[in-house]
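Listed after this line are the structures, all set down as C-alpha cells.
Both of the next two complexes hold chain A, though its partner changes from chain B to chain C.
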Partner chain A sequence: MSLVLEGVDRTVGGEVYLNDINLTFERGEFNVLLGLTEAGKTTMMRIMAGLEPPSRGRVVEDGQDVTHVPVRKRSVGMVYQQFINYPSLSVYDNIASPLKLAGFSKSEIDRLVRTEAERLGIDHLIDRLPSELSGGQQQRCAMARALVRDAKLVLLDEPLVNLDYKLREGLRSELRSLFADRDTVVVYATTEPEEALVLGGNTTVLHEGRVIQNGVTAQCYRHPANTTVTQVFADPPMNLMPVEIADGQIKAEGLLSAPLPEHMKDLAPGHYTLGIRPHHLFVTAGEGRIGLRGTVEVAEIAGSVTYVHLEVNGRDWVIEERGVHQVHPGERFELFMDLTRAYAFDSADQLAAAPHS
Partner chain B sequence: MGSNRRYIFLGLWLVFLMLPIYWLLMMSLKTNQEILSTFSLWPQNLTVDNYVKIFTDATWYPGYINSTLYVVLNVVISLTVALPAAYAFSRYKFLGDKHLFFWLLTNIMAPPAVFLLPFFELYNSVGLYDTHIAVALAHTLFTVPLAVWILEGFMSGVPKEIDETAYLDGYSWPRFFLTIFLPLIRSGVGVTAFFCFMFSWVELLIARTITSTEAKPIAVTMTRTVGASGLDWGLLATAGVLTLVPGALVIWFVRKHIARGFALGRV
Partner chain C sequence: MDKREYQWAWLMVLPVVLVVAFSAIMPLMTVVNYSLQDIFGPDSRFFVGTEWFKEVLRDPALHGALFRQIIFSGAVLLIQIPLGIALALCLPKKGPWVSVSLVLLALPLLVPWNVVGTIWQVFARPDVGLAGVFLNSIGLDYNYTGDAIDAWVTVLIMDVWHWTSLVILLCYAGLQAIPDAFYQAARIDGASRWAVFRYIELPKLKGVLLIAILLRFIFSFRIYAEPFVLTGGGPGNATTFLSQRLTTMAVGQFDLGPAAAFSLIYFLIILLFSYVFYLTILNMDREG
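Entry: the complex of A and B
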C-alpha cells in the first residue's frame, strides 16, 4: 500500500525540472518534501497527482501503474498555496462536491461534510461563501474538501505559506492529528526546515530537481548527507569552512588550529569541510570553546535571539545567540565554537563525521 | 473653486451629449407640422400617433422583430463558439496559439465592406440570402474574435488551480465548465454578450446587403421613409427612439462591468 515514483524525469523545453526521482511513499506516514523554491517540489506533486505527465518513468499506486490515468479517475486530494475553493459554492457545497461526484447518498454526504468541517473547526461557517471567510478559514475549507473523501493520496503544496504566523502555527499543530488515523499517503511540500521538523515523519530533501537525502526527519537533520542538505535543511543554514586534518589537529589557514574533537578522531588526514550550526557558535568564551575571528556584517535582533551575520574567512556565517546583543557592523569580532558539535564533510562532499547526540 | 469648474464642464458636456437625444425624443412626440413650422423646446401638441403607427403598421414593426431575431441569434452563436475557444486560449499551450490569437483580432481590422461581395454571392448560392441566420452568421465574423478576446481576459483571471481541483474532485470538463467555471466569469459573459449585441444591432452595411424583405432590419426600414410627400420626420424620430431603447436597456444591465469589457477583460 504505497505510492512509488520510478525513475521519474520531467523536462520542459530543455529545462530539467526533475531528474531521476526514485521514491516510495508509504500509507499512514507523513512525508515532507523539503526544498528551496524551484527545487521541483510542485512539479513532483503534480506528477504524483497525474496533473502533469513525467517525461520518463512511472508512477505506481498500490502496484498499479497510474502514470497515464486521468486525474478524475484517481483518488487524490490537493491543497494549494493559494486558497482554492469554488467561489460560487457555499462552504458546505465546496466540501460536499467530491462526495457528490463520487455518488454518495445525501445523508452520507451530510454526515461526512459535517464531521470534516467540525474536525477543521469551520462547522459554524458552513453556509457562508468562501469569499466571506478569512484566509485561514478558506484554507481550512480547502483542506476539508481534500480530506473529506478519504483519498488514497493527499498532497499539500505549501498550504501554510500564505497564512500569517499565528494562524500558521495553529493549523500546523493540528495537521499531524488530522492525518493520524487515516489510511492515506500524505505528502507535504515546504521550504521551511522548521516546518519539516515540527511535522516529523519522513523527509525528502530536494535540490535542483534531484533527491539529495531521504529518510526519517530527525535522522536527516542530525546526519545531513552533504553540504547542500545543510544549507536547505537548516534555518539559518549551517556555517561552513574548509579545513585540513592532519596529525590529530584540525587547521584552517590563519584562523584555526585545534586538537581534533572525539568524533573526528578516526578521520583520515586530508581536506574537509567543517560545518557548525549557528546555535553552536557563541559570542562569549567558555570551556572547550575555540576562538575564531570574523567581521560583523549585520545583526538581526529577533526577540529572544540575536542573529549576528559575520564574514569569516571569506564566507558568510551566522551566530544564533540567546538574548539581545549589540554589535557594530564592520567590527572585528571574536566568536567561539564548540568543536564537539561540528560536522565534517569529505572532499567528495559526503558526511564524514557527525557529533554524537 | 476647482471642483466647481469641474462640474461646469461636466454639465456642459452632458448637455452636448444629451441634446440630440432629447431633440429626437421631442420630435417623436410632435406632429410633422410642428416640427417643420415652429421652434419649440417641447411639444405644443403632444401626440403618440407616431408610436401607435410603428407598433401597428406592418411595414414598420417587423423591422424590429427581424433585427432582434438576428441579433439574438448572433449573440447565442458567438457565445457558444467563443466560450470553449477562449477557454482553450487561456488554459492550453499549443502550436501557434499566440499567433492564432492575434490573427483572430485582425479579422476586426478589415472594413466590413470588404466582405459584402463574397457574403452576397455565397449566401445567394446556398440559398441563405434574406434570412436571419445569414445576417447572424455574417456578423459572427466580427463578434466571435471580439468575444474570444474579452472572454479570454476574464478566464485568465481565474486561477488554473480551480480547474485542477475540480478535475481532482472528479468533475468532467463539461460539468466543471457549466457549474463551476461559468458562474465565475458571469460578468464577463454579460459584457461579451453586450459587445456582440451592440455590434450586431448597429451594423447596417452587411445587414442591408444580404437581406431584402423577409429579414429586413429596422435601420434599413428607417432609411426608406421617404414618401411622395417628402420625409415623415416624426415617424423617423420615433423609430430612432425605439432603436435606442434596447441598447440602453442592455447597457443598464452590464454597466458595472463595462469598463473591464472595454479593456478586453484585462483589468
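Entry: the complex of A and C
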C-alpha cells in the first residue's frame, strides 16, 4: 500500500491551507509530519483520510484515485489530540465499534479486541468506561480503536500533546514497536522536533502550507534544506547570522572574523547566512572556539543544562550548555562558538555547507 | 486551626446567617407556626397539632390538583425535553444565523409570566383571537374556556412556547462543547447519524439534560401565573394546579392553617425531587 498526494492544494475562503503538496508515503514506514501550529498538518491528514476534499490535485492509493472516495469507504484509523472515545461505551465496546460497523463476526471481534487491548496494555481495563480511565489510558483506548481493524492508513494527529511528560515518553517509546509489523501507512503529526527525532522514520517538514523538506528524519536534521527548516526542526531553533565569505575568511561586521572552517573551504565568495546550533555555542572558552559578543537577556538553568538567551547583533540567540553557569541579564558577554559545527546557507536560502558528521 | 480562630470563623459567617434567617428561615417558620395552630386573632390561638395536615391530606380538591399537577409536569417534560433536543440539533453550528436564532429563541424567556398568559388568552380566543378563530374556521370546535381538553391543550402549548427555548439553549450549549474530533472519529468508523446521536451527542448532553429536567420540573410544578391568567383554572377546575389551589385556600377562603400545612407539603415535594436530582448529578460527577 502506498499513498500519494499529487499537486494537492487546499484553499478555504481565499486562505491557502495547503499549497502544491507532492508526497509519497509507503507502507511499513513511519512518517512524521513536522510543522508549527497552523502549518497545515491537520488539513493534510484530513485530505489523506478523505474527511475533506482537496481544492486541487489528487489522492492516489495503490495506483487508484481515491480523491473523492468518502472516508467510510476507505480504510482509515485516526487518533487525535483529544482523547476521543464513545463516552457511554466500555473500553471493549469502544475498541469493537469500528469492527461492528464493518460487519465482523462476533468471535472475530472478540479475538481482535482482546489482542489489540493487550498490545496497548489496557486488557485489564476492558470493562471500564472511558471516564473511569486516566488520560494515558484513554488515549491508549483511542489508539486501539484506530488500530484494531488493521486500517491501510493510520493517522496520528499530535496524539501525545495532552499527556503529561512521563506518560508521553512511555507511549512514544511504544509507538514504533506498535507499528513495526503492520502493513500500514503511518503518519504522525507533531510540532516537536524532539518527537520526530525519537520516532525516526521519515520526516516531512511543513511550513505555511508547503513542504519545505522531506526525507529520512536524521538526514533532514543534519542537512536542513533552508533556514526555515532550522527554525521548525530544532528546539531551541538554530542561531542565525548574516556573514560574508571572502579570501578564506568568514566575517560579520564588527562581530566575527575568522579563518574558514574546513567544510566551508569550497564555498564561493559572497554573502551567506551562518547557522549554529545552541549546543555548539559555549559560555566558556575552549580550544578551537571563536569568541563573539552578545548581551544576555535571560538565563534558565534547567537541571544539568543552562540555556542562555542573548542578543547578538540584533538577533535572538540561545546557548545550550551542560552544567550550571551563572550569567546575569543585561551583561555584555563573550560567547564562544565551534565554527567546525556551523552551517552555511547561500543567498537563495539553500543549504551550502553542512558540518561533517 | 486553633480554637480561637475557629470561633472567629463562626463570627465571620454571622452576617450570612442573619440574612438567610431573615429572608428564608423566619418566613418559613411563620408558615410552620400557622400550620400547627388555629388562629383567630393576635390573642386567640390554639395549638391543633397535626390536624391541619390530616385535613389537607384528606381534601379531595387537593388530590385533584396534585393529580393534575403531576400529569402537567410529566407532560411538560415529555414534550419539552425531546423537542428541545431535536430543535437544538437543527440549529446552525456556526455562521451569522447562530446569533439570530439564539436571540429569537431567547425572546419567549424574556416575556413576564403573566404577560405570556395574556398573550395566549387573546391569541386563542375563539371570537377574536388569531389561533382561536382560525381553528374554528377550519371546522374544529375549539373553545378553551368551555372545553377541558381544549383548555389543557392550550395551557400545554403555551408552556411549550414559553419554556422549550430554555431546553434548546441548554442543549445547544452542550452540543457546541463537543469537540469536532468526535464527529470525525464517528465518520471514520462509518457510524450512522443515529449512532452519532445515541453514542456521542446524547451521552455528552447528559449533564445539561439533567439540569434542564430539574429546572423544567421545578418551574412547571410551581406554575401559577400563566394558567391563572389564561383559564383561571377552569373550565371547572380542569386546569387548577397546586399553586392556584393553594392561593384560593389561603387568600380566597382565608383558611390559613390548612393552607400553611399544604404549603409545607408542597415545598417538601419539590425539595424531595430536587434532592433526588442533586444526588443524581453528584453521582454523575463522581463517575466522571
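Note that in this section the second predicted complex is superposed on the first by the 357 of 357 C-alpha atoms of A that agree within 3 Å, B and C clash if a C-alpha of one lies under 4 Å from a C-alpha of the other, contacts with A are read in each partner's own complex, and residues count from 1 in each chain.
Throughout what follows, a residue touches a chain if its C-beta (ideal position, glycine included) is under 8 Å from a C-beta of that chain, and two chains touch if they have at least 3 such contacts.
Predicted model only: the values in this text are computed from it and were never measured.
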Q: Label the relationship between chain B and chain C on chain A in the superposed model as either fit or clash.
A: clash
(Q) Between chain B and chain C, whom does A:L101 touch in the aligned arrangement: first, second, both, or neither? (A) both
Q) Between chain B (first) and chain C (second), which does A:L51 come into contact with in this model arrangement: first, second, both, or neither? A) both
Q.
One more residue to check, A:V71. First (chain B), second (chain C), both or neither?
A. both
(Q) Once chain A of both complexes is superposed, is A:L129 in touch with chain B (first), chain C (second), both, or neither? (A) second
Q) Between chain B (first) and chain C (second), which, if any, makes contact with A:G209: first, second, both or neither? A) neither
Q: Among 38-46, 92-100 or 110-118, indicate the stretch of chain C whose C-alpha atoms run into chain B.
A: 92-100
(Q) Using the superposition on chain A as set up above, list the residues of chain A that contact both chain B and chain C. (A) 49, 51, 71-72, 76-78, 80, 82, 84, 86-89, 97-98, 101-102, 142, 145
**Q.** chain B residues touching chain A - in the complex, by the definition given at the top
**A.** 159, 161-162, 164-172, 180, 183-184
Q) Can you list the chain A residues touching chain C in their complex? A) 46, 49, 51, 71-72, 76-78, 80-82, 84, 86-89, 97-98, 101-102, 129-132, 142, 145
Q | chain A partner contacts - residues on chain C that touch it in the complex | A | 179, 181-182, 184-185, 187-191, 199-200, 202-204, 287-288
Q.
Under the definition above, what is the set of chain A residues touching chain B in their complex?
A. 49, 51, 70-72, 74, 76-78, 80, 82, 84, 86-89, 97-98, 101-102, 142, 145
